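The following pair of complexes shares a single chain, subunit A, combined with subunit B in the former and subunit C in the latter.
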Partner chain A sequence: MSTVFAQAPREAPPRAGPGAPRPAARRSLIQRVFGETPTAWLFVLPAVVIIIGLAIVPLVWSLLLSVQDKDPIAETTRYVGLRNYRDLFDDPAFTGAVNHTLVYTAFFVPLSILGGLGLALLLNRRIRFIGLYRTLAFVPVVVSATIQGVLFSFIFDDQFGVANALLDKVGIAPQPFFADGRQALALLVLASLWAGTSCISFCAVIFLAALQDVPRELAEAASIDGARPRGVFWHVTLPALLPVLVFLLLWQTVEAIQLFDIVYGSTSGGPGQSTVVVVYYIYRSIRDVAYGTGAAASYVVAGGLLLITAATALVARRRAASRWAA
Partner chain B sequence: MTTKKALAALAAVAAITGGLAACGGGGGKTGSTASGTDADSGKRVTITVWHGQNQSAEKVFNRLVDRFNATHPNIHVDSQVGSLADSMLQKVTAALAGGKYPDMAYIFGPNVPNLARSPKALDLTDAVKQPGWNWNDFFPAARTAVTVDGRVRAVPAVIDSMAVVYNKRLFQQAGIPAPKAGWTWDDYVATAKKLTNAGKGVFGTGWPATGDEDTVWRIWPMVWGAGGDVLAPGGTSVGYAGQSGLRALSTAQQLGRDKSVYLDKTTGSEQMYRVFNNGRMGMVPTGPWELPDIVDAKVDYGVVPMPTYGGKAVTISGPDTWMLFDNGDARAKAATTFAQWLSQPAQDAVWDIDAGSLPLRRSSADQAVWKRHAAQVDGVQDFVDALGDARVRPSIQNYPKLSEAFGQAITGVLLGQKSPQDGLKQAVDGGNKALQDQ
Partner chain C sequence: MRLRRWLPFDPWHLVLAPVCALLAAPLVWMTVSSFMSNAQLNRFPPTIIPGSLHVDGYRSLFHDAALPTWFLNSTIVSLVCVVANLVFCSMAGYAFARLRFRGSGLLLAVMLGTLLIPYQLTLIPTFIIMEKLGLIDTLGAIIVPSLVMPFGVFLLRQFFLSLPREVEEAAWIDGCSRWAILWTIVLPLARPALATVAVITFLVTWNDVSWPAIVISSEARDTLPLGIASFKSRAQTNPGAIMAADVLATLPVLLAFLAAQRTFVRSIASGAVKG
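Up next is the complex of A and B:
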């Protein structure tokens, strides 16, 4: 405290003027606590309150919950240490959910990025009505995922769906679709590729923006030097897209791990447990008043996401460093 | 802890009766500590009820509340939806945890044992012994459903029984005689197969395949009919291991194999009833609450008791209840008064008709208004008759977990992904685990 006091008197503010020692002293007290420009705190205060109230407090609260066995009905709370976490990995429903999430991610991320790149290349041309095409390509991004889930469950209903009626017309045997665990998971991948906030179109929009930043002269210079279109793509365009590619890889992975709304809207985790993904598992735990389990599962998922993000950052940094060294 | 609770109760009282703040904070305190004598005479007590209903049931409930408020000057009932009945357990749990909860709420029967663990849930064992209740007039299934460990923890709100509703026109088209009481599950499977017409999109019957309680309660009459039970004697293990469970699941498997069953994968089984109401399903096992919609859809229908495995007829009854919560003695007393009034024959008969319930008590069935209803709507009397053969699920806290395991098994078997043997093993293991966790 005393050291702070010793440091506190700094250069007097020019406007304080002589003959006004009292206000100056009071201001310096506030300044001692809130720094040089105390009013700045007033401006950031609303944001700080919101972030602390809606992000930090729940974060700490759920960490507490995850080490408790809380029964809100019988009104008992017991500290159980890491037991919730241990139980989680003994629960086949949770390990199953982790598996489903990983399988989903393994298909969804590469497919959405490749599809997005393809679509972006198609849209990066100077043809008639290109503005219209680009607008239309963006439409799927704004479709609500829950509604889309419901829509898919109607189309791919094994007994009444349009999809089976079409298959029947071309002579293919009816498929179980959402009645079969594997097909249901595949349909979820298809649904999220088709529309929603992380669909192919979303990736295409990001790639398109990056493509338009690739200097045209580079491509022209390459073709003058005799490069074919494929060569231009591999050696000029793609390297220029690399930072965006890394971003999308990370973003799509995070989105895939957080899959929830389409599952909620279509399969509700079924048939059986075959489309229960981790976030749906968390939702179900909280719904069934197993607050401790839900909180523990949330922390496991958050930990996973943190690892992935850190690993990506590390790889990116190392690449940058090696390039610098070279 | 107790002071904290008292404070929470006080806060709740203060918040809800906010308008009466003129009485002063002390007023609320005396209200909650007064031991229910005439101390509260002359002072109006407001209680909150979460009824969880919509459409016609909500309207009739609010009419009854208005009538109660008009005739009981000392009590004011504030009728609120709370949350639709399907999600009332979550809503009430959150409310209890938050310390601001209703005085009375509509709770599904299987959830009563769970909520009864709350120190705030009233024990009505002594209350219902009072002469005004005429407790033994309630049907046994209704009384059993609200009794947990020998204590009365809720008041019956709705009672149903399951029977098969069939589409007469589809039976005629398929050239099959109408089903009759005493038919067997083999008859049922064979009839469903004959009714099915894939080309026209007609199914013999339907079964929710979500794996939740809506899937499971339909199998209990089969298990009971085959000599099994939910719990084995003693209650520490499941009662459907072995032949009874296997027989029930084999019937389900056959329906799935014949493709004669429409499997509804959407929560709430509305899709299944829509198929029936569109005249594309021959038979559907259901409760009396579905009749109003079936009548509206102008389906020419009949009602027949559940099939058997050759033995005595048996069906399931799934009662819903009113649970009462402690917000201080004055309010608890008022809530009890309201619940008692609501279950009197004159009110009960009116409520039952619009809520799609059967009479909760014998004397309600004798009310003129009920008799007129039963005479007007085809099949209502069949459901009342089925109540005589009805059994209920046991009032145990871990039933939902047991049900979850069985539900997964039934869905797997219906979809042809599991054999009845494998399904049964899963259902038995899961059920036993649920019971041991208790």
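Up next is the complex of A and C:
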């Protein structure tokens, strides 16, 4: 970050650093206000307008909305304190949505990470056709969540779906699948494990990249010293994967709590309210112009996310520290 | 180990082949059923291996649904976002990597912080902003929030920092402007990083449905995922056409993935392993 050649390329060495003294009188007024390279502001302007305008501003605005009540007819807004939050927790649709999201997350996160690790270990070997295997295994990452939802509600249709046909072949009675609340939630987990930007294949892509960074000599040295394959995995490979594991744990949790697309493409929250998840709840409150409730709901979700990520980061750091100390 | 003596091939094929087949199975079934007639699909048990192939699904798509419009809308959104991200992220990334200006450290930290904001927190105010700008129910409402992704700014900044600065300095001494240095010297060297930004932006914008679902209400403005979701609830009795639409929506990303698998895989992994 230390460029001075913009000012005095001939005299100063390029890495003189920001502390290099320069007489203030030689700098123009614009430079004194905007820093040494005023044009830099033009370079960052589009990014600043979009990112600050559509992330930082809304962040604060949301908080304001969540303590306001807007009358859609009189077009007046008034301060209501924490009433939106209280209403939220009295609303069975919201507590139900929180419940579904937690159940979904509890199944989805461990399954996707373990599945991804397993798949990556399978794909990390020198074997014929490995290129073809990797292509087949990675393709689901680019499939859109809507397509997943639509496709799964087609495959698991209770009347004409191919899943029931296959169950029928092995002598199992047809299942209601998406017509049953519990099974619908389970199928949502299954659908998001299969494809999209947080699926098993996505985790496998990341694990595989990390596995290929583990120096081969380490594993070789361990096996020469008499370690069995299982020992090499536990004591050499897994510790090397730890940072990626922590990253995936956080990423997958955030993705799980923000689940929306697959619900939109398959169940639309049904049957009944059984697959309404929190972001779907927020989506419906925008459609109903209930901004106060929606904003309060999004702050509740964000608070939960913050707690979870902070806890994960803390535990992971402590675990990592104790491992390196040992 | 005993298996290895029996089999003419590596025993791991016995695990890898079924696992990979299972992962690809839903896509295969999607493609197969898009070529079936509704008579073959609307019965129990459904046909698994069709005796004859039909293109009724594809034909009725163009009669009953505005598929070409959705396709065009998706293409416009993705194209504009990819180009805008390439240009704006390069500019911002370059300024953060090479130029010294007041507030650069703070701005960078704020941008980094926005990566941690859960997107649903910004949904409602962003919706209101789009409403004020008169963009609701236009493609602009989908495009504007994705014009610059903070991820791209960071990725490119990191990449620019890793480039040697001597060439740029020589060009500066020869009287080249900052702008010209960025376009003629730095960006040609940054092709791999630019490819990553393009791939991620394309994937995200082509597949996104949550934001378009909120800001778009008329069918003429639907993107592919939106159009397909509404078509699905409208045409329950025509599963062949729904599957055909799925195939056509997946085809572009699928072809892009097959053509540039290395770039895709590296792009997806780059955020996690390096970051």
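The working rule: the second predicted complex is superposed on the first by the 282 of 326 C-alpha atoms of A that agree within 3 Å, B and C clash if a C-alpha of one lies under 4 Å from a C-alpha of the other, contacts with A are read in each partner's own complex, and residues count from 1 in each chain.
Just so it is clear, a contact is a pair of C-beta atoms (placed from the backbone, for glycine too) under 8 Å apart; a residue touches a chain by one contact, two chains touch by 3 or more.
The model shown is predicted, which means the values in this text are computed figures rather than measured ones.
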> More residues of subunit A are touched by which chain, subunit B or subunit C?
Replying inline: C
> If you stack the two complexes on chain A, which partner ends up touching A:Phe89: first (subunit B), second (subunit C), both, or neither?
Replying inline: neither
> Regarding the shared-chain residue A:Gly270, is it in contact with subunit B (first), subunit C (second), both, or neither?
Replying inline: first
>> Output check: A:Trp234 vs subunit B and subunit C. Expected answer is one of first, second, both, neither. What do you get?
In response: neither
> Does subunit B (first) or subunit C (second) touch A:Val289, or do both, or does neither?
Replying inline: first
>> Just checking: does A:Phe178 make contact with subunit B only, subunit C only, both, or neither of them? Give me first, second, both or neither.
In response: first
>> A:Gln159 in the overlay: touching subunit B, subunit C, both, or neither? Say first, second, both or neither.
In response: both
> Just subunit B (first), just subunit C (second), both, or neither: which does A:Leu151 touch?
Replying inline: second
> Which residues would you name on subunit A as touching subunit B in one complex and subunit C in the other?
Replying inline: 153, 159-160, 268, 287
> Of all residues in subunit B, which touch subunit A in the complex?
Replying inline: 90, 93-94, 96-97, 114-115, 117-119, 201, 203, 209-211, 262-263, 265-267, 275, 400, 408, 411-412, 415, 417
> How about subunit C: which of its residues touch subunit A in the complex?
Replying inline: 9-10, 12-13, 15-17, 19-21, 23-24, 26-27, 29-30, 33, 41-46, 48, 88-89, 91-92, 94-104, 107, 110-111, 114, 117-129, 144-145, 147-148, 150, 153, 165, 169, 172-173, 178-179, 203-204, 206-210, 213-214, 224-226, 228-229, 232-233, 239, 242-243, 246, 249-250, 253-254, 256-258, 261, 264-266, 268-269, 272-273, 275
>> Using the touch definition from the top, list the residues of subunit A that touch subunit C in their complex.
In response: 1-6, 9-10, 14, 18, 33-41, 43-44, 46-48, 50-59, 61-62, 65, 119, 122-123, 125, 127-129, 132-147, 149-155, 159-162, 164-165, 168-169, 194-197, 200-202, 205-206, 208-210, 213, 244, 247-248, 251, 254, 257-258, 260-261, 264-265, 268, 278-279, 282-283, 286-287, 291, 294-295, 298-299, 301-302, 305
> Which residues, counting only subunit A, touch subunit B once they are in their complex?
Replying inline: 71-75, 153, 157-160, 176, 178-181, 267-268, 270-273, 287-289
